[in-house]
Amino acid sequence: MDMLYNILIAPFLEIAKSPSFFAEVVIGGLMSGVMYSLVALGFVLIFKASGVFNFAQGVMVLFAALNFSGLLDAGLSIWLAFPLTVLIMVLLAWCIERLVLSKLVNQQDIILFMATIGIGYFLQGFGEFLWTGNVRKLDVGIPQDAWFFGDIMIQQSDVFAAVVAGILVIVLALFFQYTRIGRALRAVADDHQAAMTVGIPLRSIWLIVWSVAGFVALVAGIMWGSRVGVQFSLSVIALKALPVLILGGFTSVPGAIIGGLIIGVGEKVAEIYWGPLFGGAIEEWFAYILAMLFLFFRPQGLFGERIIERV
Amino acid sequence: GTQNIPLLVYRTGPYAANGIAIFAGMIDYFKLVNNRDGGINGVKIKYTECETGYKTDRGVECYDRTKDEYGSIYSPVSTGITYAIIDKATHDKIPVFSMGYGRTSAADGRVFPYIFNFPSTYWSQATAIIRYIAKDLGGMDKLKGKNFAFIYLDHPYGKEPIPFLDIMAKKFGFTYDKYPVPTTSMTEQKSIWLQIRRTKPDYAIMWGWGAMNPTAIKEAASIHFPMDHFIGNWWSGSEVDVKAAGMLAKGYKSAAMHGTGKNYPVYTDLKKYVYDTKQADNLASAGDVLYNRGLVNSAYVVEAIRTAMKKFGNKPMTGEQIRWGMENLDVTAARIKELGMTGLTPPVKVSCANHEGNNPGIFVQQWDGTKWHMIGDFIPAMSDIVRPIVEQEAAKYAKEKGITPRSCS
Amino acid sequence: MTTRTTPCAGSEAAETEVILDLDDISLSFGGVQALESISFDIRRHEIRAIIGPNGAGKSSMLNVINGFYHPQKGTITYEGVVVKAMKPYHAATRGIARTFQNIALFKGMSTLDNIMTGRVNHMHAGLLAQALYIGKNRREEIRNREFVETIIDFLEIQAIRNTPVGRLPYGLQKRVELGRALAAEPKLLLLDEPMAGMNLEEKQDMSRFMLDINEQYGTTIALIEHDMAVVMELSSRIVVLDYGRKLADGKPDEIRHNKDVIEAYLGVAN
Amino acid sequence: MPRKKALPHAVVPDSVVAVKEDVVAVNRDEGSDPLIRISNIEVIYDHVILVIKGVSLEVHEGHIVALLGANGAGKTTTLKAVSNLLGTERGDVTKGTIELRGEKVEKMTPSDLVNRGVVQVMEGRHCFEHLTVEENLLVGAYTRRDGKAAIQTSMEKVYGYFPRLKERRKSQAGYTSGGEQQMLAIGRALMANPSVILLDEPSMGLAPQLVEDIFEIVKRLNQEQNVTFLLAEQNTVVALKYADYGYILENGRVVMDGDAASLAENEDVKEFYLGMGGGDKNFSNVKSYRRRKRWLA
Amino acid sequence: MFYREAGDFKTTYKADQAIFPIALDRWFVVTVVLVFLVVVPLLASNYMLESILTPVLILSIAAIGLNILTGYAGQLSLGTGGFMATGAYMAYKISTAFPGLNIVFVLIAAGLCAALVGIAFGVPSLRIKGFYLAVTTLAAQFFLLWLFTRVPWFVNNSISGVPTAPPRKVFGFLVSSADSDPIDRYLFVFIITVVLALVAKNLARSRIGRMWMAIRDMDIAAEIIGIRPLTSKLTAFAISSFYCGIAGALWSFAYINTVEPTAFDINRSFEILFMVIIGGLGSILGSFLGAAFIFLFPILLNVMPGWFGLEISVTLVTQVELMVFGGMMIFFLIVEPHGLARLWSIGKEKLRLWPFPH
C-alpha cells in the first residue's frame, strides 16, 4: 500500500508542491532532449538515405570534435579550424563510401549495420591515434553560465544548443522536402538495386549524405564537447540517441527532435520524481522502456514510415 | 637477472585520460631507479605493459598472460580487475597492490595474505572526508542534522563507501542522498544536479572516475553550487577532472593521498635521469596528481622489493618474496626524505594483519582555477569504526570461500 | 497416372458439397475499395479459377480467405463453419494452404527445408525430443521427410533438393512454393498466379501437377491465373472480378463468351 | 492480328499496329557496329556457381532482340551483366567482355548506363515500396535534365499507357497489386526517356490484353523513337511476334539464334516454346512423363 | 578432389538426416572433438587453457545463443549482456542459497532463469521488428544490469556488489573459483560447450529450427503457412537466453571468478553480435569461428609485435588494434557477408572441384 502510494501519489503531490521546480525539470528535460536529438539527427539522415543504421554516428561525433579541438589546440583560429574539420568529415565520408559502402551495395541491413560498427572501431582507434586519449577542453565561446528567471534556472549553453538544433532541423527538413535528392534518397533506402537502375548515382548520394551526417556530427560534437570536454565518452552518447531515434521514427527529421524532447522530459521527470524510489539511475533504462512501450502501439515510431506488410 | 614487473595499463578507452597520467608516473619512477641507481640494489627493473582498457576480462587475460614471466606484483588501478584477480593471485602466490582502491576488506591480512591496499582504503577515506567536513563545520557535533549529496559512479568502485556513509550517518546524525551515475552515461547528469539544486545539501561528496568527474564539476559550477562544499575522493581530484571546467571549478576540493605538483627533490632526479634523456613516458602529465600517484605507487613497490631483498638477498624477487616485503614494509619519514619525497607521500607501515597500513587518512587539496593546492593537515581516518567492519567482512568472505584465516601473532 | 482422357474433374464437382462459401464480402483500404459485396463459393474437389484485370482484387480475395485480411463486411463459411477474425495460422491448421504472387519462400533455407516447413502442423515432438533428436522427433523427422520426398519426386525437383531457394531461378521457385503448400496436405489450395514467368513447357508441367494434385489427393484448388488457355482448360468454374466487383461466375464456356468479360478483361484477340 | 481498339486500358493508335514489314527492314542497319556486344562471357555467382558459360550476343541499334529459354537458363543473369548489377548479387563476369557502343560496361556504374540511355526493368518488379506510385515515376526521371514540364508530359504518357496507375497514383507502391507494380516498373523505366531498354519478363503477372498492350508499346517506341530493346521473355509466342531477332539460351549457353521469323519456323522451337508441334497439345491432357528434347543434355 | 561426397551414398533418410551426413565431415568433427578433449589438455599451457580456450568456449556458447535468436530466428538483439548477467547473478544466488547443489544443476537453473527473463523481453518482438526491435532489446541490457547492481539481494548483500564465485565441484574436480586446476575448468567448460552445441544443432535441424528460419526469412509468409509467430519467437528468445545465461554463469564461475556487472555491459553484447556475424549468421560452426576470431584477434595483435622483437608501445598497439580490428571486420563483411562459416563451405566446395576452377 505504502509502495503504491509512493509510486502513484507522492510524486504528483511533490510536483504540485513546487510547480516551479517541475517547470525547471521539464525545461531541463527539453534541453537534454535537444542534445540527444543532435546526435539522433545524424542517424536519421543516413538511415533515410540508405537504410543503413549507422552505429558509427556516436564515434563520428567524437571524431569530429577531436579533430576540431585538436586543430584549435594546434593554434588555428575557429574560422580556420571549423571549415578544415568539415573538410575532414567530407573526406571521411568519401573514404567510407569508397572503401565500405560501395562494396556492400544490396547487402542485408544487418551486414551494413555491422560494417558501420567496424567503421566506429576504426575511427575510435584512429582518433586516439591522432589526438591521444586525453580529455580536451573545447571553448568556442558558447556561454556556459545560467539565467535565472525567478526560481527557474536555464543554462545558456542549452538555449544555444536548442537554437542551433532548430536551425539544423529546419534546413535539413527543407532539403529533404524540396530537392530532387530528397526523393532519390528514399528510393535508395527502399531498394539499392532498383535505385541504381533508374540512374541514381549511389556513390554521390552517399557521399552527400555521409558528409552532411559528418557535419551534423561536428555540430553535435561541438555542443557536447564544450559542455563535458572532448573525450571518449562522447561516443557513448549515441546510445542515448537510439531511443530518441526509434521513438521519432528512423526516417523522420522532425521525429528526431520531437522524440528527443519526449525522451528528455520523460526521463528527467521519471528520474527526479520516481528515481529515488528505486535507488536512482533509472534514467539509464527509462528511455528504452518508454520507447518500447510506445512502439507497442506504433511499431514504426511517431513519424516513421509505415512498415509495409504485404504478401 | 632483472626484476620483472608487470603493468596492467589503460591508455585507451573511456578512462584513458586517467590512465595516461598514472602509468606515466609508475614507469618514470622505474626508469629513474634503473638510470640513477642501476636498479634496486643492482637488480634492474624490467617491466612489461599489457593494455586492459579498464576492462575486467582483458585485465584477467593480461594477468594470465604476464604472470608466468613477470608475475611479481600487480597494481591494476582498477577495482574491477582487482576483484577479479584477488583469488587468482592468492592462488598463484603473487601480491596485488591496490593502492587506495579495490577491495576494502582485503585490509585484513589474515584472510587476504596477498592483497595490499595501503595507505588507505575507501572506507577509511570516507570517514576521513566526513571528519574533514566536521572540521570545516567546526566540530563533530555540527554534523547533526546536516544533509549531504553523495554522487558516485554506479560501479563496484563507486558503491564501496556506501555502507560506511550509512554507519556514520547513523552515528553522527546526518542524512545523505545517493546519486548514482551510470557508467554508460557519465556525461549526462542533468537530473542529478537539478535535484541537488533543489535539495541544497550542505556538502556534496563525489566518488567518481573518468568522464564523470569533469561533467559533475561543470554541472555543479553551472548551478552555482558552492564549490568549496563539493569534495571528491582521491580518484576525483586530478587535473583531468577540473581542467575542462577551468576557473569555474575554482574552490573544488578533493581528498588526496599524497602531495601535488613538482616541488619535491625527486623531481630533480627525474629531470636529470629521465626527462632530460628523453625517456619520459608522458612528459605533459609530470607533476599532475595522477602522475604523482603513479610515482608513489612505484616507490612503494620498489621499497617493498628492497625490504624483501634484505631478507632474501640481492637478486630478482619472486611474488612470494615481494609479499613478505610488502608485509614488512616500513616507509619512515627518514626513508621518505632519502627518496626525495618528503611532503609527497606520508610514512606508512604495513603488518601481517593490517594491509591498510598504520596510518590511514587523507590530505585535502583544493583547485584554484589553475593548480591544486594542499590545504590543512593530514586527516586521519576513523579506524576505530572501520577496522571492526573490515574484519567482519573478511570473516564473511573466508567463510564463503572456506578459507581458514592465518594467524598473525 | 498415365494419359488423361477426361479434361477435368469439373463436371462431377458440380454435385459435391460446398467447402468454402463467401457471402457479401467487402474490403477496403482507406479510399480503395478492393472488394465490394462479393459472393461465390468453392466446392470440394473442384478447380475454381478467379480471374480479372490487374488490381481487380483477386489476391486480396485469397488474403481474405486465409485470414490475412479481414473483410469489413460479409461472412466466410468454411466447411460449414462460419469463421471470424481468423489469424492466418488458424487457416493453415484448418487445411488452407497457398502460394503467393510475389514468391514468398524462405530464402535462406534449402528446397527441402522449405517444403519441410510446410509440415509444421503435422509434427508434434516436444522441445526436449527435438533438442536431443531422439525418439518421437527422430521418427517424425524421418516420416515427414519421406512424405516430403514424395512431393519432391512428384514436382520433379530432386536435383535442387539441397539448394538454397534464393539461388533458384524464378520458375523453379514457384514450383518449390507449390511443394511447400502441398506439404501441408491442404484441403483447400489457393494458388496465386502459379504460372507467371513460365514458358509453355513449364506451364504444361505445372498444369499436370495441379491436375494430379486435384485428382490424386482430392485437393480443392482456387486458382488465379492470367493465362486464359490454362484457366479455360483446367478450371471447372470461373469467377471474374473487375475492380472489386464480381463481373461473372460460371463454367469456362460461359465465361469465354460473356460480353462483359471480354470487354473488361479478355480482349477480343483471345 | 489486327486488334480492335476501344479497350479502356491502353489506347494504342491504329497506325502503330499497322506496321508494314518493309518499314521495319529499312531501319535495320546490319552492317554497323552493334549497340551492345556481349562476347563470350562467363558468369560465376558466389565464386563457385558457374551459370553463364560463354554467351555471345549482339544487339543492333533499333532492334528488338529477344532472349528466350527455360527457367534458369540465364536470361536474367545476362541482362544483369549488361546493366552491371551482378556485383550487387555477388556475381562476377569472369571472362569475356560486354560493350556498349564500343565502350566496356564494366567500367561504368549502373547510373552511368542510365545516363547513356540504358535502362533496365528488373524481374520481380522492384518498386520503391514506400514511395507513392507517382513518386516512383518521378524518381524514374532522376537523370533527366529537360525540365519539369517535359517530365510531366512523360508522366502523362505513362498514365496514358497504364490508366490503372493514374487511379492509384497516390497510394504507396508497396500496397499495389502485383500487376500494378509490373506496370509501374515498366512505366518508371520509360520515364527516363531511354534509348535502350533491357526488359526482364515484362509480361509477368499482367492480364492478357495488357500483355499485348505492352508489346504494342514496345513496338511503338521502337518505331517512333528508335528505342532498342533487349528482352527476356517466357511468353515466346508474343516475344517472337514482336522481336526482330532471337537468342535461345539453355543452361547458360546460346543454343540457337536467328531472325525471329526463322526461329518461329524452327520445328524444335515450335514444339518446345510455341506449343505448336506434335499435334493437339493442351494443358489438360499433357502426357505425364514426356521425354524432353534438349539441344544440350 | 580432396573433399568429396561422391561415393558416399545414403540409402535411408535416417542416414541422410544424420547430423553430419558426409562421412568426411563426421570424421573431421569427431577428430577435432577428441583432439580438444585429450590432446589439448595434455599439451597446452595453463595460460592457453585458462585465458584462451576457456573464454573462447564460453563466448562460443553465448554466440550460439545469440545465433539462435538472430541467425536462426532473425530477431536482432543487443541485450545479450543482460541475459548473460542474469545467468551469472542467478547462478551465484542459487549456488550460495543451495551450497550442496551440483554446479551442473546450478547452471541449468540459472539458464532457466535467464530464459524466463528472455521471454519477458521477447514479448515486444511480436509487434516490433528489425532495428526498432534491436534498440528495444537495449532495454533488457540496461534494465537488467541496473537491477543487479541496484538490488543487494542478488549479491547476498555483499558490500561491494562484486561477490566472488564460490568453489564448486563436479565428480570431485573443482571447476569454479581460482583454486581450480585450469585443466579441470577447461574440460568442464568444453564438455558443456560440446553438449550445448549439439543440442543447438539438433534444434536447428528439427521442426523448431525450421520455424525460426521461416520467421526470419519472411515472417508473414511463415504465419500464413501455419507457423505461430508467438511460439516461435518466444521459444527463440527463451532458448537463446538460456544459452546466454549459461555462458554468463560460466564466465563468472569458470573464468573471471567474480560476478561483476561490467563483464556483461553493452560492449559484451556487441562483442557477441560481432562473433555471430563474422562467424556466420545461422551457423553453429560459425559461432565458434566468430568467437575465436573476435576474442583472439586483439590478443594476437597485442602479442604479435613481440614475436618480431618490435618495441611498440602498448598504447599504439591498442590504437592500431582498434583500427585493424575495425578494418578487418569491414574486410570480412565485404569478402563474405555470410561470415567465416560460409568461407569455410566455399573452401570445401572449391576443394571438391579441385583442380578444376568450377
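Lettered A, B, C, D and E in written order, each chain numbered from 1.
As a convention for this text, a contact is a pair of C-beta atoms (placed from the backbone, for glycine too) under 8 Å apart; a residue touches a chain by one contact, two chains touch by 3 or more.
Please read these numbers as outputs of a predicted model, since none were measured by experiment.
Shared contact partners of subunit A and subunit D, listed by label: C, E. When the C-beta contacts at C-D and at A-B are tallied, the pair with the greater total is C-D. Centroids of subunit B and subunit E (each the mean of its C-alpha atoms) stand 37 Å apart. One inter-chain figure worth recording: subunit A and subunit E are separated by 31 Å, centre to centre, where each centre is the mean of the chain's CA atoms.
For the pair subunit C and subunit E, the distance between mean C-alpha positions equals 41 Å.
Contacts with at least two other chains are made by residues 68, 100-102, 104 of subunit C.
Contact with two or more other chains is made by residues 125, 128, 133, 239, 279, 281, 284, 310-311 of subunit A.
Residue positions of subunit B touching 2 or more other chains: 11-12, 20, 154, 182, 184. Pairwise, the chains that touch each other are A-B, A-C, A-D, A-E, B-E, C-D, C-E, D-E. Residues of subunit A that touch subunit D in their complex: 105-106, 180, 183-184, 186-187, 189-203, 305-306, 308, 310. Interface residues of subunit B facing subunit E in the complex, by the touch rule stated above, are 9, 11-12, 20, 49-51, 53, 55-57, 60-61, 64-65, 68, 79-80, 83-84, 86-88, 90-91, 103-105, 154-156, 159-160, 162-163, 182-184, 393, 397, 400-402. Subunit E meets subunit C in the complex at residues 12-14, 16-17, 19, 199, 202-203, 205-211, 213-214, 216-218, 220-228, 235, 282.
By the touch rule above, subunit C contacts subunit E in their complex via residues 66, 68, 87-89, 91-93, 97-98, 100, 104-109, 113, 116-118, 120-121, 123, 125, 127, 130-133, 137-138, 140-142, 145-146, 149, 180-181, 184. Subunit C contributes residues 63, 68, 100-102, 104 to its touches with subunit A in the complex.
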